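Lettered A, B, C, D and E in written order, each chain numbered from 1.
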Amino acid sequence: MSTDSMTPLLELRGLKKHFDISGDWFAGERKYLKAVDGIDLKVYAGETLGIVGESGCGKSTTGNVILRLIEPSAGDILFEGKSICGLSLAELRAKRKDFQMIFQDPFSSLNPRMRVLDLIAEPLRSHNVLSGEKLRRRVGELMESVGLSPSFITRYPHEFSGGQRQRIGIARALALRPKLIVCDEVVSALDVSIQAQILNLLGRLQKEFNLTYIFISHGLPAIKHISTRIAVMYLGKIVELATKEQLFRRPLHPYTEALLSAVPIPDPALARSRKRIVLDGDIPSPVNLPSGCRFHTRCPYAQEKCRLVEPALLVKPDGHQVACHFPLAETAGPLAAPAQPAAAMALAE
Amino acid sequence: MTTNQADPARSGEKAPLLDVRNIRTSFRTSQGLVYPVDNVSFSLDRGEVVAIVGESGCGKSITAFSVMGLLGDSGRVEQGEIFFEGRDISAMSREQMRGIQGNDISMIFQEPLTSLNPLLTTGYQIDESLRLHKNLSRKQAKEQSIDMLRKVGMPRPEAVYAAYPHELSGGMRQRVMIAMALSCGPKLLIADEPTTALDVTIQAQILKLMQDLRSELGTTIVLITHDLGVVAEMADRVIVMYAGQVVEQGDVYSLFQNPKHPYTRGLMNSTPKIHEIRDALESIRGTVPAPGEMPRGCRFSPRCPRAFDKCRTEAPVLQEFCGNYQVRCWLPEEQEVTLDEH
Amino acid sequence: MKRYLMRYALQFIPVLLIISLIVFVLVYMAGDPVALMLPDSATPAEIATLRESLGLNRPFLVQFWIFLTHICSGDFGMSFRYHADAMSVVLSRLPASVELGMLAMAFALAVSIPLGIWSAIRRNSSLDVLITGASVAGKAMPTFWLGLMLILIFAVKFRVFPVSGSGGLSHMILPAITLGGGAAAEIARLVRSNMIETLGQDYIRTARSKGLGDFDIIFRHAFKNCLNPVITMVTVQLPFLIGGSLITETVFAYPGVGQLLVQAVNARDMSVVEAGVFLIALIVIFMNMVGDVLYRLVDHRIKY
Amino acid sequence: MRTSHESPKPAAAAALARDPDTLRIGMDKGILSFDPQNNGSYGTPLMNVFDTLVRIDKDGNFQPQLAESFKQVDPVTWAFSLHKGIKFHNGDELTSSDVKFTLDRVTSDKSLIENARFSSIKEVKILDKYNFEIITKEPDPVLLNRLIRMGGSILPEHYFKEKGVSYFMQHPVGSGPYQVVDYEPDRRLILKRFDGYFKGKVSEWKKAVITVLPDAATRVNELVTGGVDLVTEIPPSEWSRVNGQKGLKIVDGNSTQVMLLVVNCNKEFPTSDRRVRQAIEYAIDSRLIVKKLFDGMGTPTRTHITPGILGFDKSLYDTSDYDPAKAKALLKEAGYGESKPLKLTLQIPQGRYLLDSELGQLIAAMLQGVGIQVKIELLENSRYVQVRNSNKNQALMLAGYGNSMFDPFLPLNALNSKVYFKRIGYKNERVDALLDKAMQTMDPKERAKMYQEVQQILAVDLPYIYIYNERYFTGIDTNRVSFDPPASKDILVEDIKKK
Amino acid sequence: MEAAAGASTKRKWGRTKSWLGMLSRSKTGVTGLLIVIFIVLVAVFAPWVAPYDPAKVDLAGMLTPPAWLSGGSMAHILGTDNLGRDVLSRIIYGSRVSLLVGVCAVLVSGCIGTILGVVAGFHGGWIGAAIMRLTDAFLALPAMLLMLVIIGVFGPSLITLIFVMGCTKWVPYTRLMRGEVLSLKERDFIRAAYSIGTRSHTIMLRHLLPNVFSTLIVISTLSVGSAIISESSLSFLGLGIQPPQVSWGYMLSEGQAYLSTSWWIATFPGIAITVTVIGIIFLGDWLRDVVDPRQQGR
């Protein structure tokens, strides 16, 4: 997909979100949790951008900041070329028609005391799009399009299974015909069988309504299945950004490599024969970030430079972006080549 | 590396470590009795890693709780026996059971976030079973606990010993759970979805840890999960459960290579795989029936793409295939099932 | 934590000031004390004279200003009723009230926690219904009724406790029970529902899986986890028990701040009301802080 | 606020309880302050600590107390001579200058509650250490009545001036038969017999412990359990418990308190019609009320002047004009009947007087019996006082007035149109003239006559409808004490005799 | 859509049925409902049920004990009070004021408290802080003073009484509701509502309020009892209802003086209050289940 010439649907410029966790007015020194620490990203119409990373690396925060559910600390968000950071709350509310979110937990993201009708109708009502019988009909259509029977319209969320609830969430996000949908871990809480249903549904809807997705997940297989491009986040920053094919064929960042190697493969023969990179230690605290490259504390290839200088996200000629002083393919580090489950990856595309 | 782990155990002892025979577990609910586990049998040899897989709600955890005697006030094992080292533990009093719980059999729970008491230090929670079962003094218990924490690969075990669960990351908490479960050197460890709540890098750490422990201590492990990837990496044998019943059972290689039950096959096909790329995933339509509303005949029949009349009227039984392989399905076993039927 | 407490204390200076001002306005609106001070036969002229000599005939704003300047220097003025420094009048009552309030709370806790736990363990049994009924009755029972009944039974009939008065623990037991009864009822209900919830938590199952007995499960694992609402209750109720127990104080002739304050309100004894409200506000604030410290002690997850 | 820090330990307090030389009294209310000139409440134990120049006896005669003798020199001058050798509790001798200091203080400091009652005094002239004269501004026939008031208690000039008011309040010194040992406000007052008392040993009790027990049931419970020897103010609802107990008894005493209806005679009220007022009086069966509420312990009255007080008129006392037929007739005459019933509001204080709301509801029921429609308005005490003092009283308002000066002028002057005209709306020139004159007449007999005439007029005009003269009820442990309650309601230890 | 509409009416009926079903399954719910219905009926039909005029003073029959005690008579089953009024009739009439005041006071204070609590929890910031400091101030303020002033301004009446109690009893609601809202606010569905573009007041009204409802029911049913009791002390001071009106609380206070000699005057209204409150609490427990869709059909 050649996208460079088009104006992106969404553009993030130096986006930062630092949570103030000092919590104390009189505290001498303020403490910040740097959940998102400078992200530049372009999302083009019709594509699916996947964001992966460990738990706590700032994926959800990024998603929330994009929708301004959390106010960014710095940086700019441009939607269709226009900044939405300066909008007043009322303007923003009107603008919300265009970008919607589907939440991670289908159990907690639906108000247990509202009926499906009200849940799906809420965005339409809030923006005074439709009312009365028309509204009801529209809700019925939406339910059908996500594969729910309209006869469920007066039920409460608890009367549905997890997959069905997630469909309600999707229907709600679709109600206003948005251009962009941020899917925050929409399948993580679901069973594999239902995961498949939802992933397929999202794919179908994307074609049908020409949607753009930002798909946030820590489940690599799912993200691989649905995305066109993938951004890998580590501790509030994007460390690698490439098309799905590039990323899975040849990851350039050691972190991506470790991530890929850690994914269990549901094939006993393959699983037990491949080489796994188990990262030591836990993700460092986002309050006291390590100096230099954020990953150096866990990186098997870390060198002196990594401790001192923070690498920038550089674009390779093929469009593959990586923030590493010693990207794997170039340095051809000791573990680089065999580490990739290359054989398995180069399957039919 | 763990391929033949089960063999020595099987030949070494005649009686299996755990033998679950036809158990049926009931729960009292406001709608009357429900049976989330119905007619489940399996046996475990010493040193084996057996995985139980299945969708959410199919009775995996309840099976484990039945073995542990943790069904609570409203549930009980209504039928069948559970033999642990030859003794029927399903008939034991709560008092007797307490001597086995945490000592001979221990369990790692599904949610490391909620399964640790948030108001007690991790050290206290590990010490507890040592003091109870091994009659250790506070000091001895502390030493052993810290030792155990070190064994599960915890950095700075002394600090972790004094920490509260909320001060630890998810992976650390899960390791505390494991340390807790292993502290008394159990013969059987039931790990209920030990990695589901964790992300891949931490999951990899934990899985590695469990493999190491098994090879070091020879602990028998029951691994409950719905992640087929984890199963493929860890298990010697796999038990597939659906709606409270065992539908397929066999060694990991045969099962993954040639799953016989349509449900198992459905599960495999709906799993997105990192080493393949497909346009659309196959999915099993419908959902797991609730314990109160089981369909007639084969419980999977409403969702089964290959169900025929008999399936809808008559419940299949678990049939033995070659060796230790069992399937609960009416499909003529001879009819070779191929992976790519669609 | 220290900083937190400091901030908390600072935040309350304006609150105290505002409370004082509200009280001033209310007392002013409630009418002046002169008519209440003088005997029934006082003539209008006599009333006017006294009012003037006490400065109560001055315009509202003037009085308000005088009050404001005094209160800022910590001077609450003289009590019209007692002809003594208002703050020292209130302070002289405080120790007795604090003692009684604490004992009442101790009693409430001693009774309600075991009962609450018990009815949680045996929930929906007849015992549970009985305890529920008793706590509802405890909440709906008027204080004077409870107090007088206790006196009639334990002091008059069986003579195990003195009827009234102060001095020693035995004098405080009946008033403490009377005062703590309502709080006990409420806390018992709270403990019950929290205990039920806690016993359903995953970590209780974890504890069971270790083979722990019921006692250990309840007291080592569950109890601490249902303390939070109890702490809230204690911190909300204690100021009431200390400052608002008119009936108990009257029935047991145990003069405390509650009685004093009501009498002062009735007599429009502005300075005493002001001083009393100020002190009670301090207690409320203090209890808020104590509550926060306790939360933190019980639950290390809470950060300030 | 503790007077001394050696307050008795609990054990000591318990020991006190059984001591044969200690009198234990349970009182319904405490003292508000030790300043006798600034103390709103009467019937307190304060008078054990202080002493006045003169006292009044049961028959209304003035008896010397601190003053050995006293006589009127001219219409405005009274000469007194003090007992010699009277000691204050701190050892100072009580002299004329103490008297002057005391009376000067109460007349000059307008913020003192007692100030108004002493305003007729112009000055105190010291003749010598023991002799002095009190000079009034105008002839004052009731000067001696003023001096018996609590405000006339003689204060120790030196001590008071040296230590200041607030110290005095905490460590009071008087010249009375008992001195203060320990005091906790609203809780307990412990008195010790003062050995230097000028009259010698007037009482057998070495000590007195006066406990405040605000709740009537609690007072009785303490008496029943032997916690106290004497308790004040026992309401009728508790009598049966006291009398039912062996060794306990209720003793009743005369008081000057009279319950009455303040009738609003202002034009806008139907009660401005005298016939209506009379009808109301005819409708109320005071004797039955006394019988039912107090078991007969009280006296129906048609006047405020009670026995023992100057101008007492027997014909109006212990009598009731109950006659419902006459009431109805009068109402009819005034133009009210079935078709046009008389409607009025009765204001009742709540908890201010003994059985006030019961009395009010009974009266309402009786008025309803003759066809008057009564709307009851219950008023909380402070609101009651406010309503009354701002003259917002309706047609009828229940009130109870005592007579702390034991002279007819205090209750009757209220009906002088110059005093409360707005409140009562009653003006009778003859009454005004008589009342004014009586205040300038020094001869008691003449004064008595004038007041009697006033009472007769009022009994016809009825600006106040009197109901009964209250008694007051003290419970005693007959094994320990005997007691003849005085009309002043003061609880004096010397009045309570040891058994 | 026809079908859906039909289904919805059917479901509605089904829902009502399931409420009743839930009620019939809950023994305490039935008990509570019966008690409350009984008392409401008694209150409504008081003139027909009561044997006597509750204000009728009878000097001949003062302090008659209940029928089963010696000296009692069947004419006054529960005895008479200090003015010879029939205790039973007074209890029957008293139910009117007591129920009205109890329920209305709780409604008023509950509304004030809940609104403030939800706003404080939802907005946080200085609005929230101001509201919470206000609750602190009200905790310290003597209720008596406030009552005196309000009643001084408006005069004593049933309305004033309810108003006064509303003004003094809202603090616990605010504190509790704020706590609930603070935790609800972090729930995903609130964020979801934001992301849709729902207005703040809609979020408070449609998302927060229904979810704090069950807590609200629990505390407010418990408060009805204390409201009835508070009415008594107010009325007894002359700040509440005026005779010939009666209320249970007023009877209690009137009977207080007679507790040690004629216990029945205060005890029977006390029992009436307790039974009513138990009924309301039981009913409240059931109501909490009814408003919770998750409990329906269980």
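Convention: contacts are C-beta pairs under 8 Å (C-beta built on N, C-alpha and C of every residue); 3 or more make two chains touch, one makes a residue touch a chain.
For each chain, UniProt lists the protein as follows: A = Peptide ABC transporter substrate-binding protein; B = Peptide ABC transporter ATP-binding protein; C = ABC transporter permease; E = Peptide ABC transporter permease.
All values derive from a computational prediction rather than experimental measurement.
Touch-path distance (fewest steps) from subunit A to subunit B is 1.
Contact count check for D-E and A-E (C-beta pairs in contact): higher for A-E.
Centrality by C-alpha centroid: the chain sitting nearest the overall protein C-alpha mean is C.
Taking the mean of C-alpha positions as each chain's centre, the chain lying farthest from the centre of subunit B is D. Subunit B and subunit C, compared by their mean Cα positions, are separated by 54 Å.
Centre-to-centre separation between subunit C and subunit D, using Cα means, comes to 37 Å.
Per-chain Cα centroids separate subunit B from subunit D by 89 Å. Across the assembly, subunit C contributes residues 30-31, 148, 152, 266 that each touch 2 or more other chains.
Under the contact definition stated at the top, the residues of subunit E that touch 2 or more other chains are 148, 152, 259-260.
Contact of a single residue of subunit B with at least two other chains is seen at no position.
Within the complex, the subunit D residues that touch subunit C are 1-2, 9-10, 13-14, 32-33, 35, 38, 40, 109-111, 113, 115-116, 165-166, 169, 184-188, 211-215, 217-218, 221-222, 224-225, 227, 381-382, 385-386, 388-389, 399, 401-402, 404, 410-411, 414, 419-420. Residues of subunit D that touch subunit E in their complex: 216-217, 220-221, 235, 237-238, 240-241, 288, 292, 348-351, 357-358, 361-362, 364-365, 376-384, 386. Residues 1, 3-4, 7-8, 11-12, 187-189, 191-199, 202, 206-207, 210-211, 213, 291-294, 296 of subunit E touch subunit A in their complex. Interface of subunit E with subunit D (complex): residues 57, 59, 62, 82-83, 148, 151-152, 156, 236-239, 242-244, 254, 257-262.
For subunit C in complex with subunit E, the residues that touch the partner chain are 11-12, 14-15, 18-19, 22-23, 26-27, 29-31, 129, 133, 136-137, 139-142, 144-145, 148-149, 152, 182, 186, 189, 232, 236, 239-240, 243-244, 247, 261-262, 265-266, 273, 276-277, 280-281, 283-285, 288.
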